[in-house]
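In the two complexes that follow, chain A is the common piece, with chain B as its partner first and chain C second.
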Partner chain A sequence: MNRILSSFKIFPSVFNIYGFLFLAFLYMPLALIVLYSFNANPINIAVWTGFTFDWYRTIFGGAAVETTFDSAFSESPQRIFEVVKNSFLVAVSAATIATVIGTATAIALARYKFFGKRFYQTLLLLPILIPDIVLGIALLVFFVGVGFELGLLTIIIGHVTFLSSYVFVVVSARLAGMDTTLEQASADLGAGPFTTFRRVTLPQIMPGVVGGFLLAFIISLDDVVITYFIAGVGSQTLPLFILAMMRRGLRPQITALAVLILVFSFVVATVGLLLRNRKS
Partner chain B sequence: MGFLQIASAHKAYQTPEGTLVRALDDITINVRSNEFLTLLGPSGCGKTTLLKTIAGFEDLDGGDLILEGRSLKAVPAHRRPFNTVFQNYALFPHMNVSQNIAYGLDVAGVKKAERDRRVGEALEMVGLAGYGGRKPSQLSGGQQQRVALARSLVLKPRVLLLDEPLSALDRKMRETMQIELKNLQNSVGITFIFVTHDQEEALAMSDRIAVLSHGKVQQLGSPNDVYDTPANEFVANFVGTSNLFSGRIVENDAARGLVTIETANGRRLIASGRDFANGSAVKMVLRPEHLRLVDTGEFEGAGTLEGQVKDVIFVGSVIHVHVDVGFGRTAIVHHHHDRAGIRNAIEAGANVRIAYSPSSAHLIAAERG
Partner chain C sequence: MITGKTVQSRKTQALLLLLSPITILLGAFFLIPLGIMVVYSFLEPGLYGGVEWTWYPYNYGRIIGWPLNDYETFEPIYLSIFLSSLKIASLTVIFSLLICYPAAFWVSRMSERRKSFVLFLITLPFFANLLVRIYAWLLLLRPTGFINMALQSIGLVAQPLDMLFSSFAVIVGMVYIFTPFMFLPIYANVEKLDYSLVRASQDLGATPLQTFLRVILPLTLPGIAGGSIIVFIPALGNFIVPSFLGGSKVQMTGNLIERSFLQSRDWPFGAALALLIMASVVLVVMFQVVRSSRAQARGAA
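Here is the complex of A and B:
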């Protein structure tokens, strides 16, 4: 009896330790990269030689690249700004278009009956399951086949194809939880289909639409594999740019860039969560 | 003819299992102007389907809906001059009470000053003045119910459709709302079509009741008609409690308007009635409140039954006495009492005699099968 009781007492602490180890496993690498991004050692980022903001300053142009020891391996703020701009242009455009397509599709599938609905539903989920590399090659073959010049536009189109599926899934979940009698009530009170959509359906599914947009935005922002195949020569995005920098070794500037992306993603995720909680 | 005609409405569903369900099977009702009409029936009887087809949320397979001579078949829900109070109220959660009530006026393009005035009146009418700024989630069930009513009535519809609007309220609240709804209907002078499965609610509020079962109208009449002279066995059982005794007419005393029926085991019962010929199979309906427990002895002109008390159930105002009357039937008697002493004198196992006035016995033709 006593043994059983005491084993119950031991178990929680065992689980606590396990939980701690698991979280450490998840977050230690992230903590390390944040730490090393402030490491003054330009040669070996894993050996701490002192605290510095230099790597962040090179990104924002606060310190001329030439003045730092690592100048030969660093990129200019102008170049970084350009790829960041490309990435945002792609992510905002692709996420916006995907949100419109994904939301419209989700509503059509949730509210209307038509021939081949189930088949269509399955087809919509496939882009999430298809390996990125297959999708990338397929898109490249398609663009080359129809004579599209590779560039930002092809990246946007490519991203829209699979991001629409993600938005569709998120908005569908929200629609499934919505009370359909609200739409009947709106019609009953004299509102036509468009007014009902604008004033009842859309406000009700808005958290899902915003959530879908943010998810699409983040996925687009850090996509490497698909973008790699369909990016043109003059149309590098931030992840591709970092990948290219890595070919010259893991330099301190990369760790600083990675931390900035991490912070940005964190802010977007927080905004998304706050919006969701406020609505429900 | 009528104000709103439901003319041989048909609608059938295919269930996922593949069976065909006739939700509406040739339903014809002439709804009168300004009446409180209740569609009463058990779940699955087609009452809600009928309401939805009137509202325009569902189409009819056959038949027609005619409002003052004009067919509504091609008119979509948002263009019909009807409004609905939904079972779950369906208030817009992202709008406050005033915005909810103003919605229909706003959609119809009513100017803001006029809109505000009418929303204020509507809030006043349902006793929610001052609640305009609240969100529906901050209101009680009864208050949400009133908002739903105000939201519909503010549009001054020709017909107000109510889909079991009181079912989510507790008993006390429901009784209060029954009276309020009835008064409201009288004061606004709008036709109400009210759907419920609660026969007490239907009897208390309606001008007329349409009892539905299996997609058919079983009986259409005033609450008194439906209760006192049920058209068939279904209505007799569904509306109120009935003691039903089957038998065959064996004597027909036309002079006194009395018939005698004989049950399968030879028991003879008398009832008022002229419409049945000797030999026809009938069922006799006796309401529990028309039966009295009496001392043994002869009762001139009264019908009698003897039996043994099986159960005595005290429900407050009356006691329900279940009496085994011998031929496999149990008669339920609602026995009125004035003192605890009399109440306690009736015990299980006691032999009792039941008397009833022949005029309180209602005869219906026995259905085949």
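Here is the complex of A and C:
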């Protein structure tokens, strides 16, 4: 008698309960922030005193913060708008450059034989694998050493360094599952490498490229550690702004901002993951 | 007329075009910065930040506890912080492994449709902002937080438990953050598990425990090793989680590195600490490479 195998059948409910708890562990903390972002209690966020939209309104400048106690912890809508703008500028530029570089690299490694391929394969995994803090300080030391002024440009360069690897991984997976006969046919019919790429390869890997871009975009938008070291004084991104706010204390305004970021990240990541997983 | 030679040279050109951006990028902004960091770790710290270009091995000496001058005594405080970081990172690996391993079996037995949906649900929190996830646990673990309120209201505890600002809080936070990292490699392995081997073991009279220890566990070991490495590396160097959930009570090497760069401006010492973390990472990865290539060799023989 197969006891282990049958135990899957006899105790599916045990496994299901475990699975449910597992998902609850992942989502309960996030659900709780969403819930408490609507809590009217300004002093203790964890004690429910009523429903309010005020914290969201203060972010968009719709409502002034009423309690003087809280105004010390609140930021003006203009300031929030500025850091959000910085974050988007960085994320769009970094993700775009990383998508071009990552895709080009993925094609080179998937479609060409050359000396040093193994080296590139290992090298490309390193920026994802090494601890963020090490990459952050290495970039800081480098930028200061060569006299680059820290700012949005250094953040973009820093992000491109590790985002290219993410895009490379996503696009490589797409290329690996792709039929190469169409590319060969295109080459046999006299198309150059560039034409073949534009007319045959690119349309097929497009979901992977767009998915990679969106994932890179959201990782850039959310990055804390690397940005923290290479941001310089005048260029704050949204995560750094939240970090500074959190260090001053837990305020309902942060909760509301956190929820907005969470929802945005989840929407973009969902589209990215769907594109990545879409079968051709 | 296109000859074989021009096709070949066009291919080489295309390859060069495709590879040069990544080569320049990772050369200039990854390998050179890492190289500079290695060099800095052997230089003397400048008075107001920066470095003096003199050979200075004492950065590493200080980590081991070597006194810098007559006023200091031998005190391996940085080493003990490093050891406690190793402990916290290892516990994070163990707990996330215990949570994810059964979950991987749960998902692997699902129908295709449900499976892809649940996999999506497990991957999604990875894209939630790190700070938002830490913030959630700050709200949960505080003395006036959700967990304490719940425990008190059902009468389980009289006084709120002091959960925040402890190694416990740091480990909980890191397990939470790294769960998707641990889950996916284990799942990829469990998914491929050949159940005919499990059946054979059972038919030959092995007890369920024996089957698990001698068949299922060895077969899923590569996934366990992969997940453990992917969790261990960022956990070891982490400084954001301990700085919020550990408060001033829990110091990790990451916090020391952050401080030597952004507060005390002792860059060489920070670089030396970062290299200590890199060295541990390299050791762990090397160990895994040797282990898996040995396993492969055994499989081939």
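The definition used in the following text is that the second predicted complex is superposed on the first by the 258 of 280 C-alpha atoms of A that agree within 3 Å, B and C clash if a C-alpha of one lies under 4 Å from a C-alpha of the other, contacts with A are read in each partner's own complex, and residues count from 1 in each chain.
The rule we apply is simple: a residue touches a chain if its C-beta (ideal position, glycine included) is under 8 Å from a C-beta of that chain, and two chains touch if they have at least 3 such contacts.
Everything quoted here is computed from the prediction, not taken from an experiment.
**Student:** Examine A:Q204 and indicate which partner it touches, taking first as chain B and second as chain C; both and neither are also allowed.
**Tutor:** first
**Student:** One more residue to check, A:L139. First (chain B), second (chain C), both or neither?
**Tutor:** Touch status of A:L139: second partner only.
**Student:** In the overlaid three-chain picture, which partner chain does A:G192 touch, first (chain B) or second (chain C), both, or neither?
**Tutor:** Both chain B and chain C are touched by A:G192.
**Student:** So in the superposed three-chain picture, is A:I130 touching just chain B, just chain C, both, or none of them (first/second/both/neither)?
**Tutor:** After superposing on A, A:I130 lies in contact with chain C but is clear of chain B.
**Student:** After superposition on the shared chain, which partner residues are touched by A:L262: those of chain B (first), chain C (second), both, or neither?
**Tutor:** Only chain C is touched by A:L262; chain B is not.
**Student:** Once the structures are superposed on A, label A:T270 by its partner contacts, choosing first (chain B), second (chain C), both or neither.
**Tutor:** second
**Student:** Counting touched residues of chain A, say whether chain B or chain C comes out ahead.
**Tutor:** Residues of chain A touched, chain B against chain C: more for C.
**Student:** Name the contact category of A:F114: first (chain B only), second (chain C only), both, or neither.
**Tutor:** A:F114: touches chain C, not chain B.
**Student:** Between chain B and chain C, which residues of chain A are contacted by each of them?
**Tutor:** On chain A, the overlap between the chain B and chain C contacts is residues 190, 192.
**Student:** Looking at the complex, which residues from chain B come into contact with chain A?
**Tutor:** Interface residues on the chain B side: 55-57, 76-79, 82-84, 86, 88, 90-94, 103-104, 107-108, 151-152, 155.
**Student:** What residues of chain A sit close enough to touch chain B in their complex?
**Tutor:** Answer in residue numbers: 179, 181-182, 184-192, 195, 199-200, 203-204.
**Student:** Would you mind writing out the residues of chain A in touch with chain C in their complex?
**Tutor:** Counting only chain A, the residues touching chain C are 1-5, 7-8, 12, 15-16, 18-19, 22-23, 25-27, 29-30, 32-33, 36, 44-47, 100-102, 104-105, 107-108, 112, 114, 120, 123-124, 126-127, 129-135, 137-142, 144-145, 157-158, 160-161, 164, 168, 190, 192-194, 215, 218-219, 222, 224-225, 229, 239, 242-243, 246, 250, 254-255, 258, 261-262, 265-266, 268-270, 273, 277.
**Student:** Which of the residues in chain C end up touching chain A in this complex?
**Tutor:** 2, 10-11, 14-15, 17-19, 21-22, 25-26, 29-30, 32-34, 36-37, 40, 50, 99, 102-103, 105-107, 109, 116, 118, 120-140, 142, 144-146, 149, 176, 179, 195, 198-199, 202-203, 208, 211-212, 216, 233-234, 236-240, 244, 254, 257-258, 261-262, 267, 270-271, 274, 277-278, 281, 285
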